[in-house]
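Pasting the structures here.
There are two complexes below, and they share chain A, which is joined by chain B in the first and by chain C in the second.
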Partner chain A sequence: MADLLTRSHPLEPYLTALDALPDGLRVTAEPFVALAGLRVDPASGVQLRGAALPTTPNTWVPAGDGRLVWLGPDEWLVTSPGTAPEALEAEVAGVLRPVGGVAVDVSAQRIGLRISGPRARQVLAKGCAIDLHPRVFVPGSSAQTTLGQAGVVLLALDGRDDDAEFAVLVRSSFAGYLATWLLDACLEYADSAPTS
Partner chain B sequence: MSAPFRTPEGGRIDRSTTLEFTFDGQTHTGHPGDTLASALLAAGRHSIATSVKLGRPRGVAAAWAEDPGSLVQIEEPFPEPMLLATTVELYDGLVAHGLPGQGRLAEVPDSARYDAVHHHVDVLVVGAGPAGLVAALTAARAGARVALVDEQAEAGGALLGTDDVLDGAPAPEWVAAAVAELAAHPDVLHLQRTTAFGLYDDGFVLALERRTDHLGTAAPRNVSRQRVWRIRARRVVVAAGAHERPVVFADNDRPGIMLAGGARTFLHRYGVLPGREAVLFTTNDSAYDAALDLHRAGVRVQAVVDARPEGSPQRRQDCERAGIRVLSGAVVTGTQGVERVTHALVAPLAAGEVGASSAIGCDLLLVSGGWNPAVHLFSQARGRLRYDEALGAFLPAEELDGVAVAGSAAGVLDLAGCLADGRRVADAALAALGLAAGEQSALPAVEATPAGSAPMTLWRVPDGGDGSTSFVDLQRDATVADLARATGAGLRSMEHVKRYTTIGTAHDQGKTSGVLASGITAELLGVPVQATGTTTFRPPYTPVAFAALAGRDRGRLFDPERVTAVHDWHVAEGAVFEDVGQWKRPRYYPRPGEDMDAAVLRECAATRGGVGILDGSTLGKIDVQGPDAAEFLDRLYTNMISSLKVGSVRYGVMCGVDGMVIDDGTVLRLAEDRFLVLTTTGGAAKVLDWMEEWLQTEWPQLRVRLASVTEQWSTFPVVGPRSRDVVGAVFPDVDVSNEAFPFMTWRDTALGGVPVRLARISFSGELAYEVYVNSWYARAVWERLIEAGRPHGITPYGTETMHVLRAEKGYPIIGQDTDGTVTPHDLGMAWAVSKKKPDFIGKRSFARPANSDPLRKQLVGLLPVDRDTVLPEGSQIVELADGGQLPPPPVPMLGHVTSSYRSAELGRPFALALVKGGRSRIGETVHVPVDGTLVPVEVTGSVLVDPEGARRDG
Partner chain C sequence: MQLIECPWCGPREEVEFHYGGQAGVPYPEDPAALDDVQWAQYVFFRDNPKGRFEERWSHAAGCRRWFNAVRDTATYRFERVQRPDTTQAGTR
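Entry: the complex of A and B
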């Protein structure tokens, strides 16, 4: 069986509608990104993909072609758009195993969304209780929070007042809910009332 | 219709636009800027509603939310009950009518949108009156993040209803400049039509913004009608103003009787004369302004009745210059009129004795008994209140961390004082936040309030009778007589008095009646008012619609719908879905003309006879890693996990500390130090939490790491005698023979370079392979399996067929066949309880004598003797007495039916049940009442299909 399996993205059914959102907000699905959850003693001092594990709570740092996201005192998420899921787990496990850490492939556990534009903060504030002010949730910040009723990992990418950009990681099974929630949240920005 | 009581000019209304509305079937007109109340008053209509118990006419008694009288029902554009005409902004096409104390909910769904927004600030200011505006400006100029919320249509607060002059210009000009300055600050959120209705711990404030109510039928449908702001503020400044307090006297509820400040607001803000001939009854200086302003506007002020023995010498002069008669040391003892007050009965008051009364004709009776600071939010935050003798009112008695009160809400009742207080409180908030004050301009200059005479505290005028028409709470028709009855019955606490009399429990929550009730109760008991205190102020400050609280969590967004990676395939195949927790799972796949029974019988037969496939991706999956992983699982499961070989699978049962089953599932040993634990769909989150709790709190020394991988791995059981052909065809690299790939083992393979794991696990008793793949590729792998299965007639089946197949084998569903009181032994799973392990969760409880009671409820099978009845799940099981009769009531219950289905394999219905001493009853006939008849059922073992297990290897 040499033929390749096609991948399917949970947000596929929503892409057209998300693409047609009114001005001020762009919501796009991130392509398939390999994710590995890792648990290791923060004192181990390991470097991953050229970066030290961030130890400041609720932050992320760039690492290789992806990011290292702080999730807890001994827990991180490593992302890589350019690595195969099982290869990422093997690579990270190879680094962590000698210091008693573990890695788990969670690539399909969550999907990523990009939310950006002048209205991005406003829309997120409709369902996210944390303070997203540009002086508070600065680029490099992350949070494990809820958006609507979906648990998410929220990353601040670009903090510009007029064009903020966020990445949202959400459990794959909640992706449709979150897309529906976002589309609904943006109804008020439509020029004319939708026909109901 | 005309508006004969509209002044020729003035007021903050747009006279160039005329709005038409209907009240009680009559058409009226008004202008933008009007409320329903002001437009009705302009038309000369005071009588709005009738009272809830007595049916007495009631009118507009105040100008805003403290009004206890003008209860209306909106009919158009959408029915909404129990609103106040004083807070309904007028719009074209409004249809409303007065209410007899209670309204009517709409019978059609509300199509308006509601939403919520979170907001964070350094300083939240509640109230955009003089104190609030100064506080907000002060904080904004210091660079603080500020929110200013105010419940009225425009900022200004009390300034909207007076003719005050600030910095030499009319107050609205100063207000407009302040609003403009706030708008220029990027970090200021200024919301009008927004009521802060609840103040909670840590500066959390809920505020309701009425975004489109005032637009009526022109409201855009895609914009939320109301929005709940969830504001988190480091400091809260409550500048909510004060409510004028009435004085209680006989027949004080007639239309045309109004708080003095309210009348002044109707004049200045709305350009409305609330009457032609007025009497003012006051206990303080502030109300004189209302009489003088109305006089200047052309109202004939018949008399000012001042309860104070000396009255107010200063204000008397003002009145005399205007030709207004002032009666000092006098009170209003009663009124005449039905639909509208016609006379005030006035009598001298000396040394607490009321003299003979005489009637003074009037169509407007203004009342002022002083001011009650709006301490609601402060009190909600658990701030203590104290009674202030001089003001006759309750004031904040302490500083709360993070909550400050400013202006008239703090008992400062003059304009200059309010402005200064706003600055003072904001400065303190900034200091607490460590923010420098920044560049502040001087406070606006205002005319000094002339030195006046002290107010007098007068709760009620004795009516010479039983007080049964002296209304304390107009909304509840509760009177002084009711208070006397309460104290007569021995009640002393205001909380008890409130509940006995219902005073303060109506939809205004006692804004005018609460303090009066405290004062009168104190008098009746002969104790100081401080001793009675107030009742507890609780949110919401004004009523909030449930729809607003629900916000967008309605319909599809009520609860997240979780779907698997193959969901769209199921939809396309016409699956009927079932809610399993938050998951949408295919329940069955009906073919044209099939009902559920027919579809499930077909799916069952096809699976047992050929091959079926299930989307089992919702099963909980937990990755367990670490050197102590095997030891950890040994402690969690009742059976031994550490002896499991890498490459093998074991079924395990998990119990709580009480020895009762909480979850079950299979465990795959992936490596010496790594396992994949499968949980039930509903138990996934709970089991992970349970594991983490033990790991973190009891066994932190174990080197184990857990991770949820539920959505990482899609899982498809391929089930039935032909499953080997299908799986073998899709994964040719795997030897799927029984010898090479035995039951309860797993093998890794790949498809198109993508890793796939296969496991010989069966939840049906049939030969079966579970296929695990990264969910990115789930849809592709599923379709390969369907394609490869086509020659074998592969049949997708849903949860209903899964349930039937497992029940036929006696496999319990935790949570359906168990209820938290069932042990593994009760389920016939003593084999899954290790006798070798030194300990595991629940082990000690198995030693309890009750656990070995032979009469415990045990899981058994039931076969209805008529081979036809499907026993309703939950049915009770009873035993007939000798003679075939039911024993006398109460009929002892032997147990209940936990699962019940039609079986294609058995050709008859069957059930699982928990039955007392069930296993010892096998072969007996017991009875199940169904729709009034007793259905005889045979008790059997729980395994009804293939008890020898001959099918699992194909």
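Entry: the complex of A and C
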């Protein structure tokens, strides 16, 4: 009889260590999320899952149970934690086909991490050159950039000065690297209380 | 590290970018009519100025779009970046 492969989360081996991070930083692995990449003319004015495509670079908007993320002038990413990947692709493709757009299921490409806490900005800034200041990287901002050596999509969820929250979408095969990078970046905070 | 201004994403670190060589090299109008020397000139020969140089760059780790930039090859300073849809050179 064939052995069945069970789906495992790439961050599973790191969860215990990430749970034990010092105060001021919380890193959690998000459950699998369905992702669909889409290309369409930004002038088409298409509505997806109750939201218009964000045309401002480096932004995201909530859409349905997930998000619509700007990836390029004619390229977006749709996320949905509650939809099956095939269903999401079919749904988005159905909306885009009449206006000449395409959608492809890319759920296997990336997994999500959530990084929050008073020290989240400090730690991210160690490996990320974009301006993460609360006045600049406000909630609703996104960025395709590098964190450490890994390419990520960084989303600002909550911009509070003292307790920021970010979602990071990283390629599955780089997730382990990013987890160890984060653990290393947090080493210096092990014995001290957070300052705001 | 030097920051390069992506026309779409804004200033990003230079490691996010990929160099695309000289901008504004036109594809031959009648490629079949070219002899080997002319074809080699088109494929391989590029200007190599000291000073201002119009180049193509791609924001490889970001929006993955191509754009044109004027860079000083002596100082490495970027003087101007331009979306390809606003100039004749380059393709998106």
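To be clear about the criterion, the second predicted complex is superposed on the first by the 185 of 196 C-alpha atoms of A that agree within 3 Å, B and C clash if a C-alpha of one lies under 4 Å from a C-alpha of the other, contacts with A are read in each partner's own complex, and residues count from 1 in each chain.
Definition applied: contacts are C-beta pairs under 8 Å (C-beta built on N, C-alpha and C of every residue); 3 or more make two chains touch, one makes a residue touch a chain.
Since this is a predicted model, take the numbers as computed values, not measurements.
By the touch criterion stated above, A:Pro85 is placed in contact with chain B alone, chain C being left untouched.
Once chain A of one complex is fitted onto chain A of the other, the partner contacts of A:Ala129 extend to both chain B and chain C. When the shared chain is aligned, no partner comes close enough to touch A:Asp162: not chain B, not chain C.
Looking at the shared chain after the overlay, A:Glu188 reaches chain B, while chain C stays out of its contact range.
In the superposed model, A:Gln109 lies in contact with chain B only, and not with chain C.
Which of chain B and chain C touches more residues of chain A: that partner is B.
With the contact threshold set out at the top, residues 129-130 of chain A are in contact with chain B in one structure and with chain C in the other.
Contact residues of chain C toward chain A in the complex are 1, 3, 8-10, 12-13, 15-16, 61-65. The touching residues of chain A, counted against chain B in their complex, run 1-10, 13, 32, 37, 39, 85-86, 100, 102, 104-110, 122, 125-131, 133, 136, 148-150, 161, 171-174, 176-177, 180-181, 184-185, 187-188, 190, 192-194, 196.
Of all residues in chain A, only 57-58, 71-73, 75, 129-130, 143-146, 151 touch chain C in the complex they form. The touching residues of chain B, when paired with chain A in their complex, are 111, 113, 115-120, 145, 186, 220-224, 230, 232, 552-553, 556-557, 559-565, 567-568, 583, 623, 625-626, 703, 705, 707-714, 732, 751-755, 774-781, 784.
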